[in-house]
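Take a look at this one; I'll ask things after.
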Amino acid sequence: MPARDPLSLPVLALLFGGVLAAALFVDAYRLTIVIEIAILVIFVLSLDFLVGYAGLVSFGHAGFMGVGAYALAYLAHFQGWPSGVAILAGVACGALSGIAIGALVTRVSGVFFIMVTLAVSMMFWAWASKARKFGADDGLGGLKRMDLKPLGLDLNDDRTFAVVCVVLAVLAYLLFRWLVRSPFGQTLKAIKQNENRARALGCPVQRYKVAAFAIAGAVAAFAGALHLQNTKFVHPEVAHWIRSGEGLIVVIVGGAGTLTGPVIGGFLFVLFHRIVESFTTHWQIWMGLLFVAIVLAAPDGIFGRLLSLVRRKAPKGPGDA
Amino acid sequence: MELVNFLGIQLLNALWLSALLFMLAVGLSVVFGLLDVLNLAHCTLYMIGAYIGFTIANWLGSYWLALAVAPVAVTVVGAVLYVALLRRLRGNHLIQALVTFGLLFVGYDAARMIWGVDQFRMAEPALLSGSFPVFGQGYPVYRLFVFAVGLVTAVALYLGLERTRLGAVVRAGVDDRETAAVLGINIDRAFFIVFCIGTALAGFAGVLAAPIRTVEPGMDVEILIPALVVVVIGGPGSLKGAVLGALIIGTADTFGPVLLPEFSSFTMYAVMAAILLVRPQGLLPVKPAH
Amino acid sequence: MLEVAGLRKSFGSLLVTDDVSLSLAAGAREAVIGPNGAGKTTLFNLLSGELRPDAGTIRLAGRDVTRLPPDRRVTAGLARSFQRNNLFLGMTVAESLATAVALRRGESRVFWRPFAGARALHERAARLAESVGLAERLQTDVRHLSYGSQRQLEIALALAAEPRLLLLDEPTAGMSPEETKTMQRLIAGLPRDLTLLLIEHDMDVVFEMAERITVLDYGRVLVQGTPDEIRRSAVVKQIYLGEAG
């Protein structure tokens, strides 16, 4: 983690606090925004773990969302498993497919990696859009949310569901913060910064990359399951390249390699989407142009740019670590 | 006999698809291998070619005019893109990938803005609208034409590579000014020309595809993925690799859904995964791996 | 400690390592010299596992490591420094070294404790920094270190792996005379039981450090011998020293 970072705490407190307050008080339409932000934040945090910490720029991360969502749909809807267990199983599937896909894609690097991750995720999409059991490209509706009545929570109430989602997003943030600050996370950073040197220090680089894929895959699968819980509907679109691309856009625009950046990015993205959408149906062109502009002007993202501004203004004192 | 006819037809289908994939992948591949520019928006240019071709054919009623003009228009778009954006990003793959990825969104929505979300199909030229009796049924002449064009393109590119000085630069993968100067080539101009050729081929392929595949927003990504797979398995920068990769993927993508309908377009990816496991640099890499 | 027999490697038609054999006893300090393009760095890359040889064997402390990937060779006791600084540019000196120590101690897999609080790692990192003269620089960003200090960190990282055999690829490359002296003292002060093999262009350093010298030319071993023998060798004078003088 950036050692000299006075910004993260206030920014995160503001964003998470704001979203949580919104979850408690806003109207039904705005609740959908809150839920969307929370789920997107979980997804992009997992992607940032791959991109910003392990240096694995995956163009197909939504494939894992698909795995989580379809595993949940299959187990809960067709096999009759309790939703909670099915979600956990979906997460396990995400981790396992992370290992399998990680083992394949980390054999290649650079542009090959970009192309192969894109292709592999579209493979899932191609399967899903032909899978008649799941309604092929019409999707499958009528799925149920988890039953948490024993805990006194009615998830079918959107407000409760929104609060739960926001709490889960905060937990996802804490999980990744904990991971990236550990020796394991430090080793991933070392691999990202200089893979060759890490190997020359005795690091079995590929194993670490696969582990990163497993973790990111599991959390993204969880986001996918949550997405299904939100819409009660499973559709191949959940794994489409557009979703992977949006995730990557959020991570890069927010600031890859920081955990605060993607949270900011996820928040802004959903708001931007909803606001522009209310003026024009052609919101993707604006998002694409804005994204290109930000990548060119501030490759380290909004939060990265903010951080370097703050650091330049307040040069580090002696003993400041 | 039934089976032979059936497989024969599928084989013909595989051939025209391979030809189309080749024309797209070769630009993607050489531009990446030589110029070190990864242009994910390459297939957006293909889509633009298809739309412009369709529009011209619709207004003026001439397929041939569309086939001649649309690639030029696409090349202009590509040239602007190159000069304004891509040239500055040479060498930074991540930024290139991200920027061109953003352009995919822009292209997708721009197509929706201009042409709407309707699906179009361009009429075949009268000359090629008939069908050709083969394997016990009539096979559209136009599809054979697409294959023939692909074949001619491959041969022309091969000769261009072998016989011209520009080709020598590409073959040698020359990317430094000094060597290029020895060959008497202005390297910046050479790169620009190579990029334009790749772009023109993408536009050309777009028009060729317009009577076979539907013209719609999103047709770019639909073919981007197989084209990327072709580049990956063929080996970036390699003309022969693009030919071989296109044939493999064209075949896999045609026969897969027929033989294993349950797994449909899965076959293409399975083939890619298998090839990458054995040869991570692709089948015919330009620079041998250490 | 190191037994290399019949090592061979070619890139296309270019033979860059041609039947090279070497033998280093435990605690030996030897050097590989030769003109530019003689295949010295390729030899190191073969030894450290970044390249696979076409033929020949490499044994480390009696164990055949010819087919092991680089990271496994490090575990087997072989570490290297690089000719061009090859560092973690986004970390501080302390972080880089502690990361290297964690890798050495198998603690890099630990995900349940914070890295910054791993006292043992950071203490060891501080001692390593001290041993190469970077004690004052622990909290400095690696990218802000002077070139000479980066070279020192390069060595400290290799030492963090606690090797039995250390390959030093031109440790004084690009250094000022002063920095070279510091580096020379640093190398001379390394523990005596550590086996050293170095590539070096600075002949003063070579003749002072090395007990034996191997001269490479066009990938072949031209001569092997003590510094005195090498000084006297006519072939070497002609091909290598002659070129310098």
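Just a few scattered comments:
Order as written gives the chain letters A, B and C; numbering starts at 1 within each chain.
In the analysis below, a residue touches a chain if its C-beta (ideal position, glycine included) is under 8 Å from a C-beta of that chain, and two chains touch if they have at least 3 such contacts.
Remember, it's a predicted structure, so these values are computed and weren't measured experimentally.
Farthest from chain A, judged by the mean position of CA atoms in each chain, is C. Nearest to the global CA centroid, when each chain is reduced to the mean of its CA atoms, is chain A. In terms of their C-alpha centroids, the spacing between chain A and chain B amounts to 32 Å.
Averaging Cα coordinates per chain places chain B and chain C 47 Å apart.
Centre to centre, using the average C-alpha position, chain A and chain C are separated by 41 Å.
Residue positions of chain B touching 2 or more other chains: there are none. Residues of chain A touching chain C in their complex: 3, 178-179, 181-187, 189-190, 193-194, 196-205, 208, 319-321. Of all the residues in chain B, the ones that touch chain A in their complex are 32, 38, 85, 93-95, 97-99, 101-106, 108-110, 112-113, 221, 225, 228-229, 231-232, 236, 263-266, 269, 272-273, 276-277, 280. Chain contact summary for the complex, chain A toward chain B: residues 57, 59, 104, 107-108, 110-112, 114-116, 118-120, 122-123, 126-127, 130, 241-242, 245, 248-249, 252, 281-285, 287-289, 291-292, 295-296, 299.
Considering their complex, residues 48, 50, 69-72, 74-75, 79-80, 82, 86-92, 95-96, 98-100, 102-104, 107-116, 118, 121, 139, 157-158, 160-161 of chain C touch chain A.
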